[in-house]
Amino acid sequence: MAQATLERADVETGRRARPRFADRDGLLAWVFLLPSVVYIIALVAVPFFLAIAFSFSDVTTGNPSFNWAGLRNYQRIFGDPVFWQSLKNTLVYTGIAMALIVVLGKVLANILVANFRGKWIVRFLVLLPWTTPVALSAIAWLWLLDSIFSPIDWVLREFGFIQGNMYWLGKPNLAMASVIAVYTWRTLPLAAVIIMAGLVAIPKDIVEAAAVDGAGFWRRMFEVTIPFTLPVIAVAALFGAVITFTDMTVVYLLTGGGPTHSTQVLASWAFIKGIEGGDLAQGAAVALFLFPLLLAAVIAILTAVRRMEVS
Amino acid sequence: MAIVEVRKLRKYFDAGGVHAVDGVDVATEEGEYLVLLGPSGCGKTTLLRTIAGLEVPTEGEVLIGGHVVNGLPPRARRIAMVFQSYALYPHKSVLANIVFPLKAERIGKAERERKAGWAADLLGIGHLFDRKPRQLSGGERQRVALARALVREPSVFLLDEPLSNLDAKLRASARDELKSFQQRIGTTTIYVTHDQVEAMGLGDRIAVMYEGRVRQIGKPVEVYDDPADTFVATFLGSPPMNLVPRDGRLIGFRPEHLLPEEIVSGDDRITLPFHVHRLEHLSGDRHLYGVVKGLGEETRIIARLPATVSVPITPDQTYTFAVHGYHLRFFDAKSGERTDPVRVGG
Amino acid sequence: MTAAPTTALDERTIAHLRRRAARRHVAARIGLYAAAVTAALVCAGPFLWSGITAFKQDTDLYQRDNNPFIYNVNPTGEHVSYLFTDTAFATFAWNTLWVGLLVVAITLFLGLPAAYSLARLNRPWSGPLGIAIFFVYLVPPTLLFISLSRVVGVLGLQDSTWSLVLIYPTITIPVSVWLLIGFLKAIPKDIEEQAMVDGYSRLGAFVRTVVPLVFPGVVAVVVFAFTLAASEFIYALAFVSPTSEKVISTGVPTELVRGDVFFWQSLQASTVLVAVPIAFVFNLFLERFIAGFTMGAVKG
């Protein structure tokens, strides 16, 4: 028996026992990871540094040769009132939209985790805004907010609130409100899903213990649910803020930044300058202003996550 | 020749912060059932995983069939392992689970099914071939895991607490089955457990581990009767060995050896006043909790009276108990190691 | 004598409390249903409107005082068929589909091994690198599209749908890797180790046990990544302008609007046609996404 085992072990050692590439965790770890890392470096990191280089050049679509322009692009941007308007709009847009999304997202998540009949269809309907390509839902809203035929105006007229039309996208403040509302409407389902994930992760016995201890709905909400989901919500909100901050689609499709730049955000302005205006260098310079805030958000997220891990 | 041998084996985790295995030398004997026994965190599972090749040792050698297998992947070691969870492939049927190791060796379909049939017959699970693991009971899962280990015809079985997922009732019969199964197959087996009953019942030899080291290795009766140190003395036995401090030493005796003096006869008996605080009836035996004086310092101890002893005992009374001198074991109070016996006046 | 009234009082109090609890329960249910219906209406309302509008005749639609919720003139299907006969909508849909599928394939092919590496192979750099990959998701298209349009040009993919196949994985890989790490960590380690003991290499164990077991997670990631790819707008707008190469996301808003002329009914029809199937499939896997997010959060 021992002899047989020995021989077999010998055969093994000779034939296929030696560790191959496929056995070596360390090597495999790299080989598995490398394609993704290379892909991301090539198509995210490289373009990112290219964008920085562009912002110091005079590259345009018409004349793609690279000439050093120093800080000229930045000087021109700082001298442009539209830039400051866009920066302010971006901050307003992000701040209000995120506040609405977090609060309404929490409410929506609470509805969606509850048990009721027809839950499936409600979830389906609630998810529609997020799963639909934003370009299409923005078009649907364009009709709802039409200057003459807006169905919303029709309803308001029927109730006698207004006489003529609201011109939702035609007046600066109203246009901003509309853009924020549409963005909030579109992002809400995603926020709700993420918060739902947090709600589902709350240990059931804690909620039940609170119920047994006589805590009512609101008390449970504020002393159990919210503290438990706060970390998830905080991180999700920071991510949301970054994505909102850099979004241009809703603005671009609904108002194109108008009327007279009153809804222009940095991202849409960079697009209009860089792609439509063909001034790649200035577009890149505008877009780069998104970066410091991005960095701040990343640091905030990391700090928040670390603090969660400590507690 | 030893099927499995480890030499000066060390395994550190967290850059040396945790010494899971801290210098172990063990060799199995041909066809034996070696049990690694110890509390959780003592390094027994890490030792087993290192033998299997799932962990890379920090230092030392692992030999299987006389060859140093350090650096060989698990698949090349001709071992079979049964995990605590049984780790049945949930997406495969019972048959597919059992033939899975044979596929790895590129054995033909007919031969695979012949071997699976043989293993299944041995374990009585042939009728379960088409089921999925989730449709099996705990005991059936264990048998499927064993069958899967068996078809590899390994030179050694590594079993990691295979009974801990079964309920208490099933555990006793499963233990019996495991033992008779191994006796039929005759393959060397290393079995990890924290349960001393399993260890005493199954093991040809027991290696008691604590804090990454093997404290004692020997036949169950040796380990029980002659513990190498106070850890082994108190880890084995239920209730554990009583330890009475005296002059820098600890005097140990098993609870079942302290009996009312009228039952203990002979010249070397030592009589002790035993003040009983409380008593419990456990499966026929009586466990007496109380304090003894006279042997050394006054110490709380436990005595176990077998069902055959019918001397009436009531709490809060002092009785005269006795223990044979040859039942006493002596340990160094500081190191816990065994020392030579000293005279204890009666 | 003294005990009896107390008991009676207690029972009366209990009955009172019970009634109050029942009333509250009913109120809570009504509130819940009201909230659910409101949420559904707010979220899906615009699509309902789109659905109605799609079948309206021009004479009905372009009358300011016509009720927008009903057909004041007989409904017509001509605008919907116009979408398929006179516009490139079918081409856009086809482009979106194959771009989406290729992007999903690339994402899984690169992302699944990467996630496995980060979740299981336990290198010291696994943690930081995992976080770094996730943060890549935060680098927005709006920051990169200008320089990427140059990269795309250099590669000769300007105005080609293939440019999107190349670029979209940069969006989908980071999220997918993160989700997959969560799903992978939920698979017991024992299973792969068992396969390794049973005679397979680490790679063999991955292919034969981990991949089949993580399949439900993979399906969830497929749907998620496809939704992201189908929704993307900025890159599609910046890189691709020929009609035949466009995807739905850019094709519909640019090709169905000619200057000031909006083909409203057709636009609305396309919105509904695209929105419903995606949301339907997404909803099927909703529970799994939630599980994925949670696993990532708890065990990541």
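Order of writing sets the labels: A, B and C. Residues in every chain begin at 1.
In this section, contacts are C-beta pairs under 8 Å (C-beta built on N, C-alpha and C of every residue); 3 or more make two chains touch, one makes a residue touch a chain.
Bear in mind the structure is a predicted one, so any value in this text is a computation, not a measurement.
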item: Taking each chain's C-alpha mean as its centre, the one farthest from subunit A; value: B
item: Two chains joined by the most C-beta pairs in contact, as defined above; value: A-C
item: Chain centre separation in whole Å, for subunit C relative to subunit A (CA means); value: 13
item: Centroid distance [mean C-alpha coordinates] between subunit B and subunit A, Å; value: 56
item: Separation of subunit B from subunit C, taking each centre as the mean of its C-alpha atoms, in whole Å; value: 53
item: Shared-contact residues (touching 2 or more other chains) in subunit C; value: 201-202, 204
item: Multi-partner residues of subunit A (each touching 2 or more other chains); value: 20, 23
item: Contacts with 2+ other chains: residues of subunit B; value: 73, 75
item: Subunit C-facing residues of subunit B, complex; value: 52-54, 73-75, 79-81, 83-85, 87, 89-91, 100-101, 104-105, 148, 152, 158
item: Residues of subunit C touching subunit B in the complex; value: 188, 190-191, 193-202, 204, 208-209, 212-213
item: Touching residues on subunit A, where the partner in the complex is subunit C; value: 20-26, 28-33, 35-37, 39-40, 43-44, 46-48, 50-51, 54, 59, 64, 107-108, 111, 114, 116, 118-129, 131-144, 148-149, 151, 154, 185, 188-189, 193-194, 196-198, 200-201, 217, 232, 239, 242-243, 245-249, 253, 266-267, 270-271, 274-275, 280, 283-284, 287-288, 290-291, 294, 297-298, 302
item: Contacting residues of subunit C [partner subunit A, same complex]; value: 28-29, 32-33, 35-37, 39-40, 42-44, 46-47, 49-50, 53, 61-62, 64-65, 67-69, 109-111, 113-114, 116-118, 121-123, 126, 129, 131, 133, 135-136, 138-151, 153, 166-167, 169-170, 173-174, 177, 201-204, 227, 230-231, 233-234, 237-238, 248-250, 252-253, 262, 264, 267-268, 270-271, 274-276, 278-280, 282-283, 286, 289-291, 293-294, 297-298
